[in-house]
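What follows is a set of notes on a single structure, which appears directly below.
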Amino acid sequence: MNRVVKIISLIMLSPIIIFGGYIICHGHLTPGGGFQGGVVIASAIALLIIAFEDKIIKNHLFSLIETIGLTFFISIAFVGIFKNTFFYNFLSNTNYILGKTIYFGANSGYLNSGGIIPLMNLAVGVEVASALSFIILSIKNK
Amino acid sequence: MFNLILKFILIMLIIIGSISLGLIFEGIDRILTAKMQKRVGPPILQPFYDIRKLMIKESIIPKYAIKWIFELSPIISLTVSILILFYIPIVGKSILGGSNDLILVVYLFIFPGLSIVLGALSSNSTYSNIGAQRLVINMLGYEFPLAIACFVPVWLVYKSGFSNIFSLNTIYTHNIWGLVNQIGIIGLLIEIIAIFLIIAGELSKSPFDLDTADSEIAGGALAEYSGRNLAMLNLSEAVKIIAISSLFIALFFPWNIQSNLIIMFLIYILKLFFIIFISLTLIKTVTSRFKISKLTGIYWGYVSLLATIGFLLVLF
Amino acid sequence: MRNFIILVITIPLLTAFLLPLLKIFSKKLSNFCIGLNLILINIISFFLYKSILENGNIIYSVGASAPSITAPSGFPIRIILTANALSSFLAMFFTIIASLTFFYSLNTLKEYANLDKFYILYLLLLVGILGFLFVGDFFTLFVFYEISSISTAGLIVFLRNKENFKSTFHYLSIFSIGSLFLLLGIGLLYSQYGFLNMAIISQKIQLSFLDKIALSFIGSALLLKVGVFPFYFWKIEAYKVSPISAIILSILSSLSAIYVMFKIVFYIFGLNIPFIIALTLLSALSILFGNLLALAQKNLKKIIAYLAISELGYIILGISSGFLMQNSKFEFNAIKGGLFHIINDALDIGTLSLIIGVILYIAKIKNSLSYNSVSLQQNEIRGLAHKYPLLSISFLLVILALSGLPPLNGFASKIIIYESIFHLNPALTIIGVLGSILTLAVLIKIFALIFLGAPNRDYQPAPKIAMVVIFIFLSFMILIGLFPMQFTNYFINPSVKALISKPGYKNNIHLQQDNQEQNHSIIHLTLHSKQRYFNYI
Amino acid sequence: MSIVYQPKILLLLFSLIFFIIYLFYLTGEKKYKKDTVQTIAYFSGKTPYQNIKLQNVYWGFFKNFEKLYLFLSKIQRENTNDYVFMFIIWLTFILLTICLI
């Protein structure tokens, strides 16, 4: 692609990624979550792939990130076993990190309140972003 | 210890008894067919002389044959035919009575056929291959009506509320002819006609003897056997005659006089002669061979139709 | 001890995700890790079975200490896993078979391009199988249905040649419709009763017309997964091209689908007589047509598929006729024969496909379709018995076992089935005897074409570990065949009691009384607080 | 309903009879003239021996049920809408059995 597309895509890269990150982090408050945020980030990476014909991105990098996201997701769930059961929300109602107790009724939504749910959203977001870009890359390579 | 010796003698007695009884009946069968075709026929002990001659001859193993299957299968076929006799009540109770030995006996009858097929296939000759495939088709055929015929008395015993309905002893002690009304009698007679065809098919005698069809495929499944292997196969053939007919005696002709063993055994021999005469000699001399492409049609069509009609009539 | 249920399912999941990371260090390490995790699951499922035998069934709710602690809005949406004697025994048995097939495939499937991807799908399918056994509520049933069908599709397409793509397309198109109907059935139930938990729905169900429609959707989607006669066509496509260890695992997945189908039909919908009668008829048909079609096949792996279908017919014949003969003294024996035949069938068909895998390995036939499943037409493999006596002896033993001839284990379970089915209808026993003689004819045909005759070319030496695995399977078969009574008394009887205990189902497991303060949630108030909460399976 | 099928006794008896028969078998003649014309499988025609061809295994059985196998092979054709169509048919069959009866 010519230079104009390359520069525009570089400029547009950061707002897209920031917006995707916003969707992931506020998963337990606003609509959307890990999956939707990951798709947004994947679209940013797709923009790069099309603009620069993947001179810079290698695909085995994505499968690595994908496995990291997956193992992070499962290991959070396994940590729950020591507390009580699998997938146990050990962070909620502990007033420590992400554990602010919320009382029943309308509130403006606190960021550090979901317990392990935001962590799960983060893991799913990373995994989906790398998986979709891996798919886009393999389609392009065919 | 004494008990063991007694058991061993009993086993030896049954082995020798069944083999000699089978050979004698084969001799009688040959004489009767000869008489029915107006010729003199061999002496009564001719099968014994054949066996002794075969034991002296060389037992040749074909070039590409698999030695261990080729040699073992005749012996296995003979042992299993003798084994069946332990489960069938001949005089009073069967030696190894169990609560479901009818199904066991029906399945044990597959073994001799299976071992002859494997032996014939392993002898790597075209004729024995074709013969073995025909034997499998024959087995496929007669197994269906055999199953129907065997389960008729079981249904009768079940209907009149006895327990252990699959054990041959209960069927043998409760005379099924008593358990059934008039329509049932007709049903059982039809069943007996089907049984004579099944026995002829099981022993692959004249109308169904496609696997050892002499004129078409030169000895068929047993083309490559000679010497002591062929002797084993002939013996297993003879014992199978006794086994299949004594199974159907236990199922369908259980009348007996409760007195000492010898008289009961003589009555058993009489019944045996009656069945073998009709199902073997009579059908063998009268009919000629069926075509292979019609064989399973006849079995699954006419013979099993006959058997099911008998079964349905018995149901009333 | 309580967490064993979830560990059995999630440890293979963890190793499946870790594999790409391990592959970077070394191939040996990743294989070692898979083997280690499979052995771990065996041990855990064995202890699970022992603990269930001692102190009854287990209910395990993921994420909260008790199933009733729920969102404030009041209805309990929890992932719930339940294990009774039958499901934990099947889990223990299937993990043993899966780990043995893993060691077998290490040896014979070396030439696969990227093996670690294969083992990810292999472990995911294992998770799908074990998940089916422990499922407690409908949505997890749908999740495990999806996991196992997508991982089987992955295993089919693994070899990436034209034929595999076609079969995967067939497979995926059927299973997307199947899972659609499953979801439809679950949606119907959820919209009516508001609960996804199988126990509550079984308590509140009134079997209205809408429930019957939901039952038929869920039942036929599960029948599609089982692959009995009418729903068998995807199985031919899948087995024709997939590798041997994938065939064995998909056989196990259809066996675990049988358990779920009968659990749902029996527990949740109450004994729906017409459906069970239809099942007995379909299974009798599948015995006949499975064997008749197997006789006419040219492709080895297709023959395995058809024989598997006919053996499934025996199992469902046993269990469904047991349910039909409600509270008569033959019900226990019929179901015992059916469950016993699940074990024998898994062993027999497993050994048959292992031996055929070794045959393909010996004849240096890679798994591209032109060679994929040796078509018996061109007689490419001949006269194996000359140089491989051990392999031919094990094939002869499989002939005896699969067609149910006396000394081996096939006969032990078939004789129990025949005895108890006879009281329902003698025609079923006659069809059973006919089915076993037809299977015998099929296996003789394979034995004649491959093992006997003059050898036409030299073959590779037989793989060592594969033969060891085959002998382990054979020793299982011979042991069960020789000691059927001891085996059934210790293993099968508790499972049959677990399946039959319909009254027991409701009140033999009381919710672990959880007297922490969270208990006084709204759900407690809404549902007649005096009585104990719910009685779960 | 005592299920008294004892495989152990069956096997014991089988091996005992097998042993006795094998003794009788050994009395027979063992030697034969190896790799002479005797051992070549008997074949009346001139063409050399071929292994069994797959097409004509169990020829009699298939010849008998030709129409059945024609019908069965029609069902299993490899196109998707056939499979989906069959799934829908059997689904309605189960739907009717459950809902109407």
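Every chain is named by a letter (A, B, C and D) in the order it is written, and numbering of its residues begins at 1.
By our rule, a contact is a pair of C-beta atoms (placed from the backbone, for glycine too) under 8 Å apart; a residue touches a chain by one contact, two chains touch by 3 or more.
Being a predicted model, the structure only gives us computed values, none of them experimental.
S.K.: Could you tell me which chain's Cα centre is nearest to the average position of every protein Cα atom shown?
M.R.: Closest chain centre to the overall C-alpha centroid: C.
S.K.: With contacts defined as at the top, give the pair, C-D or A-C, that has more of them.
M.R.: Pair with the higher count of C-beta contacts: C-D.
S.K.: Just the number, please: Cα centre separation of subunit A and subunit D in whole Å.
M.R.: About 58 Å separates the centre of subunit A from that of subunit D.
S.K.: As a quick test, compute the distance in whole Å between the mean CA positions of subunit C and subunit D.
M.R.: 26
S.K.: Based only on mean CA positions, could you tell me how far subunit A sits from subunit C in angstrom?
M.R.: Averaging C-alpha atoms per chain gives centres 36 Å apart.
S.K.: How many angstrom lie between the centres of subunit B and subunit C, each centre taken as the mean Cα position?
M.R.: Here subunit B and subunit C have centroids separated by 40 Å.
S.K.: I need the residues of subunit B touching at least two other chains; which ones are they?
M.R.: 64, 100, 104, 124, 129, 136, 140
S.K.: Would you please write down the residue numbers of subunit C that are in contact with two or more other chains?
M.R.: Within subunit C, the residues that touch at least two other chains are 406, 411, 415, 419, 441, 448, 453-454.
S.K.: Mind pulling the residue numbers of subunit D that touch at least two other chains?
M.R.: 1, 3, 5, 10, 14, 49, 52, 57-58, 61, 65
S.K.: Using the touch rule from the top of the page, what pairs of chains touch, sorted by label?
M.R.: A-C, B-C, B-D, C-D
S.K.: Considering the complex alone, what residue numbers of subunit C touch subunit D?
M.R.: The touching residues are 166, 169-170, 173-174, 177-178, 181, 209, 212-213, 215-217, 219-220, 223-224, 230-231, 233-234, 236-237, 272-275, 277-278, 289, 292-293, 295-296, 298, 329-330, 333, 376-377, 379, 382, 406-407, 411-412, 415-416, 419-420, 441, 445, 448-449, 453-454, 481-485.
S.K.: Which part of subunit B faces subunit D closely enough to touch in the complex?
M.R.: 11-12, 15, 54-64, 75-76, 78-80, 82-83, 86, 96, 98-101, 104, 123-129, 133-134, 136-137, 140, 163-164, 210, 218, 223-224, 227-228, 231-232, 292-297
S.K.: Report the residues of subunit A in contact with subunit C in the complex, numbered from low to high.
M.R.: Listed in rising order, the residues are 63-64, 66-68, 70-71, 74-75, 77-78, 80-81, 84-89, 104.
S.K.: Which residues of subunit D touch subunit B in their complex?
M.R.: 1-6, 9-10, 13-14, 16-18, 20-22, 25, 27-33, 35, 38-44, 49-50, 52, 57-61, 63-65
S.K.: Which residues of subunit D touch subunit C in their complex?
M.R.: Going by the criterion above, the answer is residues 1, 3, 5, 7-8, 10-11, 14, 49, 51-55, 57-58, 61-62, 65, 68-69, 72-73, 75-76, 78, 80, 82-84, 86-87, 90-91, 93-95, 97-99, 101.
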